[in-house]
Structures are given as structure tokens and as C-alpha cells.
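Quick heads-up: structures coming right below.
Both complexes shown next keep chain A, but they swap its partner, so chain B is in the first and chain C is in the second.
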Partner chain A sequence: MTFLELTEGPLWYAAATIFVVGVVWQIVGIVLLGRKPDRSVPRGSALAGAVKANVLHLWPHGGFFNKTGFHLVAGYIFHIGLFVLVLFAAPHIVFIQDHITGFGWGALPRWGFVLAAEAAFCGLILLWARRIGDPVIRLLSTQDDLAGLWLTFIVMLTGCLALGESIEFLRALHMLTVDIWLIYFPFSRLMHGFTFVFSRGYMGATFGRRGVTP
Partner chain B sequence: MTDIAKATDVFMNKIDAQVAAHLDACVRCGQCSEACHFYQVTGDPKYTPVYKLKPLETVYQRYKAPLSGIKRMLGLAPPELTASDLEDWAELVYDACTLCGLCTVVCPMGIDIASMVRKVREGFSAAGLVPEGLTGAAQRAIEIGSPLGIKPQTLEKIIAEQAEEVGIPIELNKVGVDYLVILSAMEVLNFYEVIGALARLFKKAGVTWTISTDAYEATNVGIQMGNLEIAGTLVGRIVDAAEKLKVKYVISPECGHAYSALKWEGPNLLGRDYDFEVIHILELMDKLRREGRITFKGKDDRKLTYHDPCQIVRRGGIVREPRDLLGQVASNFVEMKDCGVYNICCGGGGGVSANPRAEDLRLKAFAVKKAQVDDLGGVDALVTSCANCRNVLEEGIEHYGMDLPVIGLSELLADYLDDEGDAASAT
Partner chain C sequence: MFMKSCFSKPLLSFLGSLLVVAGLAWAAMAVDVVFSGDALAQTRGAVPGNVQGSANDSDMWRRLRRGEGFVISDPRTGTVVAIQSSGEEWRAFRNGPLSTYGGWLLAVSALAIGAFYVLMGRLNIDGGPTGRWLPRFTNAERVIHWYVAATFIMLAVSGLTILFGKQVLMPLIGQKAFSVVASAFLQGHNLFGPLFIVGIVAMFIIYLKDNFLKAADIKWLMMGGLFSKSHPPSWKFNFGEKAWFWLAVITGAILSVSGIILDFPSLLGERSQLQLALLFHAGAAVIVIAAAIAHIYLGTIGVEGALEGMTAGRVDENWAKQHHDLWAEEVMAEQATTEDGPAHPPANAGPQPAPGE
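Entry: the complex of A and B
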């Protein structure tokens, strides 16, 4: 078994299993903690509040646009770039078709891929610079926050190195980092990619009953 | 001595799905610092709202988070909470958070930090770390009936004076009326004209009402300090009095935390529904206005603006009513930038104003509110609907040498009430 066969084969399936089981375990674990029923007489709908909070917090509101502009731009550039890369880069579509879905979809042209990659790198580097440069975020950051950030950076970097697909080792190296990233994900703050819906939703539900969405 | 075991137990019990989702979703972006007046005026990162949750988060990550067992085994879980951790955090939790909740607005994850600071305070209360100002207020509330030590006899005297002043009898402990009025200690002590104002407004509207000498105090220091036993006792007093007097409604007065305590937290504290409805004074006034039961003549032509009390507006949902009411009596009303749900706290909510240890920081934090008011280019008066905000605003205004009167909304309404004609029929 070659290094590539290992990382795209048994290691990939193990990592993907740990990722899926870990994420489901985390989410179910959080939800099963439950909430006591609220006996107060509601003025509005909890469900509507949960939906509204999820939409409202996609974008700064309440006069905070200027104060949060850096994080907003860097965050969105990174996330959009990353998702475009993951879902629309031609090698990724082939991999997803072969290993997960059984079907594929149209890939981005090369210029789109390069643009998305540049955006993702640019956003991630800006977020990293803020994390180490801003005294508030430095105080809040843990080893986990930095590990998640660096791991994601390494995955993207090895992905770029493997871009030509001509050197098998580089492709295998990229897959290895992807596998490690997937295994790390459920144990880390990278889980925010799933828990944000619940966080916004619970808050929105609480205040939706009160007829307001902060 | 700090009881770390009790605090840890409380934190464990307080971590539910919502807390867990919030703590797991936080990406440490630090945006919440942009919303916190204590950080804004000091620039000290320790005042970042989410940082104030560290004791709760430590317990969550160590013991209660899904997969925390594996993390403990691998040595990846945070270390045990210590007594000195809690002692170090007491200032952040009690002195530097008004529970205003503006940090939730700015948080991209929608984390309700204020409600979790409340839970942290519950742990701190169990550990014996409540500041003296709050424990003293709680003792007076339990023993005398008011956190400011106002005895029933004093209240009766003030009510009698107000009744005489407006020429309207006010009956105490009257069974079978529609509404029970409760008051905040700050209203009774500093802004007692509101009692006369209510008497006039209610007479005009044909509202039947009373005040109970068993339960006249609306504020709930138990909520502010994080002691749910005291909070439940204080809410229970109001509920018992209301049910004994067989009223249909209890009117929550111009006080932010009082509204939160009675309307949103009370039924959960007591574990049962009320036999009456809770209505905020602004909701009632707006209802009476819409029904044509109170009308106004003339308008205040001063340039007025409105300070939104956080617990009534951002965390209470009463946003439209004060504006509709002000529209009836103010001809030159201007909104502050980022008003309503997004307004800036007075700096003294959540028990901060009752905590002498926090006074310097509170007055410093008032600079953020001052800037919001100054941004209007000068106003003649500030209207609000929370007696505690009013008191804190007045102290801040005096501290910064500003010339700005602060007015209670109910009193402003009474000033322009059209008293002529018969009272509307009571319902």
C-alpha cells in the first residue's frame, strides 16, 4: 500500500468516521443537556426568534459594523474562499464523487480556484495576525484556537503544493493533513462550524419569547 | 473562606444545552469587548465580556462538555478551578458587568453572555463572594422589605403625602381591585412623585388599583447577587400579596431588573404559574392610550431624548411603547444613535450601582453613555423608565458636570395628562 493509498484509503475512512461520530456525539451531547421549560408567559414566538437570530447574526447590526469590520471581512473572505475551494476545486469534486457521494458537479475554472485560494489564505492570515496582535484576542486565545488555525493553514498549504497532482507524495501529504484535521475537528473549537446554529438559536428562542431579538 | 466545591457544584448544575452551545460556539474573536463600556473606557482586555465567563467555562470544559472525559484522560482538559481563580474573578463578575447584554448584539455567534454572567454569579454567591453592598441590600430586603431599608410605615407616609398632593385618595391593601402597583426602592426614596403621577393617570383611566404593605418592593437583589433562594423569596412575596388581594394584574414599575425578575424569571423561580398577569407600566400606559382612556393636552417642547433601560428594552422586549407614549407628550423628541434594542447601558445596572466597590469604575464607564448623549449636539432633558437608571444617570451627569435633567416617563405623561372630563369606565 502506497502512502497515497493509505491516506486516501483506510486513514481517510478512519478520519471521516471519527469526524462524523465526533461531531454527532458533540451535538447530541449538547442538546441532551436540555433546558428547563420556561414557565413565563411569552410575548412572542421562540421558534421565530431562533430563526431570526440565526439570520440577524450573519451580519453586524446595532451600529457595530465599523467596529467589527476587520473581523467581518477577514472572516467572510476566509470562510467563503475555503468553502469554494472544498466544494468546487476539480480534484476535490473527483475525490468527493469517488469516496462519498458517487456523483460530481461542475468545477471552477482555474482562475476561480486561484482566486478562492488567495481569498482563503488572505482571510486566514488576517485572522491569525489579529489573533496574535490584538491584546483582547491574545488574552482569550487558547492553544486549541491556535492549533485549529495552524492546522487549517497547513491543510490549505499542502493543498496548494498538491495542485499540479503530478507528485503523488504531495497529494498524499495533503490527504494526511486533511485526515488529521478531520480527527482534530470534533475535539476542538473548530466545532463552531456546527454549534453556531445552536448558540444563535437558543439565544433567539429565549428572547423571541420576550418579543425581541438582540 | 471561598467555598470552591459549592461554586463548582452550582456551575455544574447551571450548564444546560444553551450554555454548552454558547461556550462551544465561541471563536474567541473578542468582538464582545467592543460592546462593553467597561472595556471601552479602560482598554483593559480583562473586561472583555466572554473572559468574565472563564470560571464557568473551566468547569464546562473539564467536566461537562461532550468528550471532556477523553480530554481529561489525555491531560487536555483545563485544570481544576481554584479558590483564588474565583477571588480574582469577583471584580469582573460583580463590578464590571451590568448584565446589559449589548455584547450579545455584537457577537457573531449570538452568545448570551449576560445570562451566563448571572449563572457565574450564582456560583460566586454559593462560594461566599458576593460584594458587601449587595449582601447588605439583600439582608434589608428580607428583614425589612426593601433593599434600601424603607419600612412599611415610611411607605404609608410617603403615599399619604402623594395622595394629598394630587388630591386623590390611594387605598392600601384593597381586595378585588384590578391592579397591584409595586414600586422600586429608588422610586420610593428619590422619585416618589411617580406615585402621585400614577394616581392621576389611573383616576383618569378609571383603573382600580392598590398598593400592598406586605409586598411593595419590586426590585430583586437576589437576582442581581445570584442567590436564587433570596430571589424566589422576594418574588414569592409579591405573588402571595397579589393572590391574596385577588388582583388581575401586577404592574411592574419603572425598574429594569424588577421587570425581568417578576415577568420572566419569577414563574421559573417559584416553579408555578401566576394567578394574575404581569404588565409593565409602559405596556399599561400604552394600552390605556390606545383605548382612549388617557388623553393628553399640550406637549413638552424641550429637546428630549430617551434612555432605554436594558432589561426593559433589549432584554425585555418593550421597545415601541415608550416611543409611542413620548410621541403623545413631546414635540421635539430625538433618538440617540443606536437607540432601542441597541442602546448603551447607564453603567449601573445588574447590581453595580448597589456595590460601592464598583463606584469609580461605574463613573468611568458612564463616559460611554455621555458620548452617546453628547452625539445629539445637546438635549434639554433625558427621559427614562427605570428609577435605577435615572439615579445612575443623575450621578454620572453630576460627576461629569453636565447640565441635564433626567425625567421619569410616567411623570412626564402625568404632566401632560388631560385631567378634564369624567374618568373612563373601569374594566
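Entry: the complex of A and C
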């Protein structure tokens, strides 16, 4: 078995299993935590508040943009770039078709792929620079935050180094880092990719029940 | 009588036979020429078949060197130039003087920094830290600095590997491993290049206002700058820092333009321009990396308290007075007009250090 066969075979299936089981386990755990019974008379719908919070907080409102503008823009640049990269890069689509879905879809042209990668890297480096350059964010950052950030960066970097698509070792190296990232994901701050819905929803439900727009 | 004595009968017979054979051969050639008159007219006496066999080798190589067109056997290359001589010269320059002197420049820079450390030691804060802070760099200044630093380091490492890898890395790790590293770093280098361009433009805009030359900068230089025993006057940036800024901007511009040309070769299309772009690119890169070694040293271990300016956005009051007295006076005067005074950290300077930190 070659290094590539290992990382795209047994290791990939093990990592994907840990990822799925881990994420479900975490989410179920959060949901089962529940919340304290609220005996007050509701002035509004908690569910509507949860939905509103998730939608409205996609963009800062009021006077908060000055404070969160940089984080927001860099965050969107990174996440949109990353999702486009993961879902619409030709090699990724082929991999997803072969290993997950059994079907594929239209890929971006190479220039679009590269542009998405540039955006993702730009956003991630800006977020890292803010994390180490802003004393408050640095103080709030934990090892877990930094590990998740660096691991994501390394996955993207190894993918970028394999862009030539001509050397098997580089592809295998990229796959190895992807496998590690998937295993790390459920047990780290990377879970924010799923939990942000719940945290915003919880806050929105609390406000919504009080009749306040979150 | 003389003839009879010199030529015996057998010898005359032999010579006669030779004359007959030569005559027959001449006749045969004459017949061939008569019947192949067209070929003679087309080749003008050269060997038919459009080969170079009848030409002098030196002449042929000279023509190749001049880039003259030839009929070539592989039309897929899209050119009739058999040898691109300027490419050979470019390669010789790239692997010769450029690599050699570039390598020496980097080595000299590193050695100079080592010598500076040995001679001057770490430049400590005179009188020690006061625990009072002055705001030095805003969040935007710090973020863009670290963004440029991150992309620069990735480009420098990958670029140096591409430039010197064959001489330095390949003997250590072997051809096969080096081909993997070189391929990977080339892809990385091409991808990170545009990110650096965005950063260097933003850095230029953000830092420009404090980097114009002032009279105090000349005085700083005349007094010996970093080597001075006293404290030469300086605004927010001293002459050395301003020189670094402009060097980074100028080389950054060269790297950006040449890098775009190399990333998108179809923009120019001329091979010679690409070769020139690569030489400018590598030359500017080596110069700015050599200077960056000094910048990194002085910004981290070389000068006590300097790094905090770029990590926390603040510097100790004594550090500011020692290295940037004119700027420190200006900032302290501004703070004196507020009711908090300089003993309190500015709003954007972050949290105070814990006791004993």
C-alpha cells in the first residue's frame, strides 16, 4: 500500500468516521444540555428570536461595524474562499465523487480555483495577524484557537503545494493533513462551524421570548 | 632515351589503366550531372535533402547562436529557432553571478548582524523599563505588518529554495526529493505572490505618513545611528527604519511587477522579457531578504522592548525616549492634555502587564 493509498483509503475512512461521529456526538450533547426552565410569561416567540438572530447576525447592525468590520470582512473572505475551494475545485470534486457522493458537479476553471485559494489564504492570514496583533484577542486566544488556525492553514498550504498535480507524494501529504484536520475538528474550536447556529439561536431565543429583536 | 629509362613497360601499363578508370568515372559523373540538372540548380551545389552536411560546423553553430531560423523536425514547438542563445546566456548568469553574489550578499548580511551583536550586544533600555507605556502602532498597522511579514517569509523561503536549491539543497536531500520540494515551493511561491502584493500596497499606504525624510534623520545618521553611544534624535521612525521602509517599498514594487509578469507570462509573450523579469525579481528579492535579516534581528532580540511595539502596540516610556525621543515628547505632550495622563495605557494599547511580567 502506498502512502497515497493509505491517506485516501483506510486513514481517510477512519478520519471521516471520527469526524461525523464526533460532530454528531458534540451536537447531541449540546442539545441535551437544554436550558433552565423559564417561568416568565413569554412576550414573543423564542423560535422566531432564534431564527432572527441567526439571520440578522450575518451582518453587524447598529454601531458595531466599526468594532467588528475587520473581523467580519476577513472572516467572510476566508470562509467563502475556503468553501468555494473545497466544493468547486476540480480535484476536490473528483475526490468527493469517488469517495463520498458517487456523483460530481461542475468545477471552477483553474483561475477561479486559484482566486478562491488566494482569498482563503488572505482572509486566514489577516485573521491570524489580528489574533497575534490585537492584545485583547491575543489574551482571549487559547492554544486550541491557535492549533485550529494553524492546522487549517497547513491543510490549505499542503493543498497549495500540490497544485501542480504531478507529484503523488504532495497529494498524499495534503490528504494526510486533511485526515488529521478531520480528526481534530470535533474536539476543538473548529466546531464553531456547526455550533455557531446553536449559540446564536440560544441568544436569539432568550431575547425573542422577552419580545426583543436580537 | 630518358623516357625509356624512367618508365618501364609494366609501369606504363598501370598508369594507362588508371587513366582509363578515371576517364570512365568522369564520364559517369558527367552523365549523372546531365540527368540530374534540376537538383543541382535547387541546392546550388550543396548536399540535397536540406541538411547541413555541406556547411562548415563553425558557421552553423554561429548561425544557431545568432538565433537564425532553421527547418526543424518538430513543428510542435512553434518556433524555427533551434537554440535560443540568449536563454543559455541567461541561465549562465542566473546560475553564475546572480546565485554567487546573491548568496554572498545574504551571507554577509547574516555575518554583519552577528558582528553587530558581538560588538554592541543587545541594546537594552537605558534605566530599565518604567512600566509606563506609550502607544506606538495601531491595530491596523500591526495587522498589516504581520500580514506582510507572513507572506514575505513564505515567499522568501520558497524563493530562496528555487534560486539556491540546486546548489544547496539538492546535494543534501538528493535529486528526487529536491524535485518534489522545488515543485511544491514553486506552486506555493506563485500562489502567495499576489497576497504579498496586496499587503505591500496596504503597508505603503498605512506607513507612508511617518516615513518622509526629516532634518532629524540626517542628524541621526551623522551621529552614528545605532552605533552612537549617545541617543541621536528621531521621530517615530529613525533614518535606518525609513531606509528599510523605502527599500521594502521599492524592491516590493519590482518584485510585484516582475512577479505578475512571471505569474502570467502571456501578458508579455516575449521570452527575453520574461528572462529579464526573472533576473530583476531574483535580484530585488535577494537584496530585500538580506535587509530583512537585519530588520528581524533588530525588531526581536537586537533591541530590548522593540517587539512589544508590534505585538502589543505599545512601548515602554524609557524605550521611546531612548530611541525615538522627538516622537516620545510629541506623544507624551498629547497625553498630558488628557486627564488620564501618560501613566495610564492608551485605549488601543491593550491590557497592562501582570505584576512581574
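Some points to look at:
Assume the second predicted complex is superposed on the first by the 214 of 214 C-alpha atoms of A that agree within 3 Å, B and C clash if a C-alpha of one lies under 4 Å from a C-alpha of the other, contacts with A are read in each partner's own complex, and residues count from 1 in each chain.
As a convention for this text, a contact is a pair of C-beta atoms (placed from the backbone, for glycine too) under 8 Å apart; a residue touches a chain by one contact, two chains touch by 3 or more.
This structure is a prediction, so every number in the text was calculated from the model and none was measured.
Of the two partner chains placed by superposition, chain B and chain C are both touched by A:134.
Measured by the number of chain A residues touched, the leading partner among chain B and chain C is B. By the touch criterion stated above, A:126 is placed in contact with chain C alone, chain B being left untouched. After overlaying the two complexes on the shared chain, residue contacts for A:64 are found with chain B alone; chain C is out of touch. Legend: residue contacts after superposition of the two complexes on their common chain; A:118 is shown touching chain C, with no touch to chain B. Within the superposed three-chain model, A:166 lies in touch with chain C and out of touch with chain B [touch as defined at top].
In the superposition on chain A, chain A positions 134-136, 138-139 are in contact with chain B in one complex as well as with chain C in the other. Contact residues on chain A toward chain C in their complex (touch as defined above): 70, 114, 117-118, 121-122, 125-126, 128-130, 132-136, 138-139, 157, 160-164, 166-167, 169-170.
On the chain B side of its complex with chain A, the touching residues are 15-22, 24-31, 33-35, 39, 45-46, 48, 50-51, 64-67, 70-71, 76, 101-102, 104-112, 115, 263-268, 271-273, 277-278, 313-317, 319, 337-338, 341-342. The touching residues of chain A, counted against chain B in their complex, run 22, 25-26, 28-36, 38-41, 43-44, 53-54, 56-57, 60-64, 67-68, 71, 75, 131, 134-142, 145, 186-187, 189, 191-192, 195-196, 198-204, 206-207, 210-214.
Residues 139-140, 142-147, 150-151, 179-180, 183-188, 190-192, 194-195, 198, 310-313, 349-351 of chain C touch chain A in their complex.
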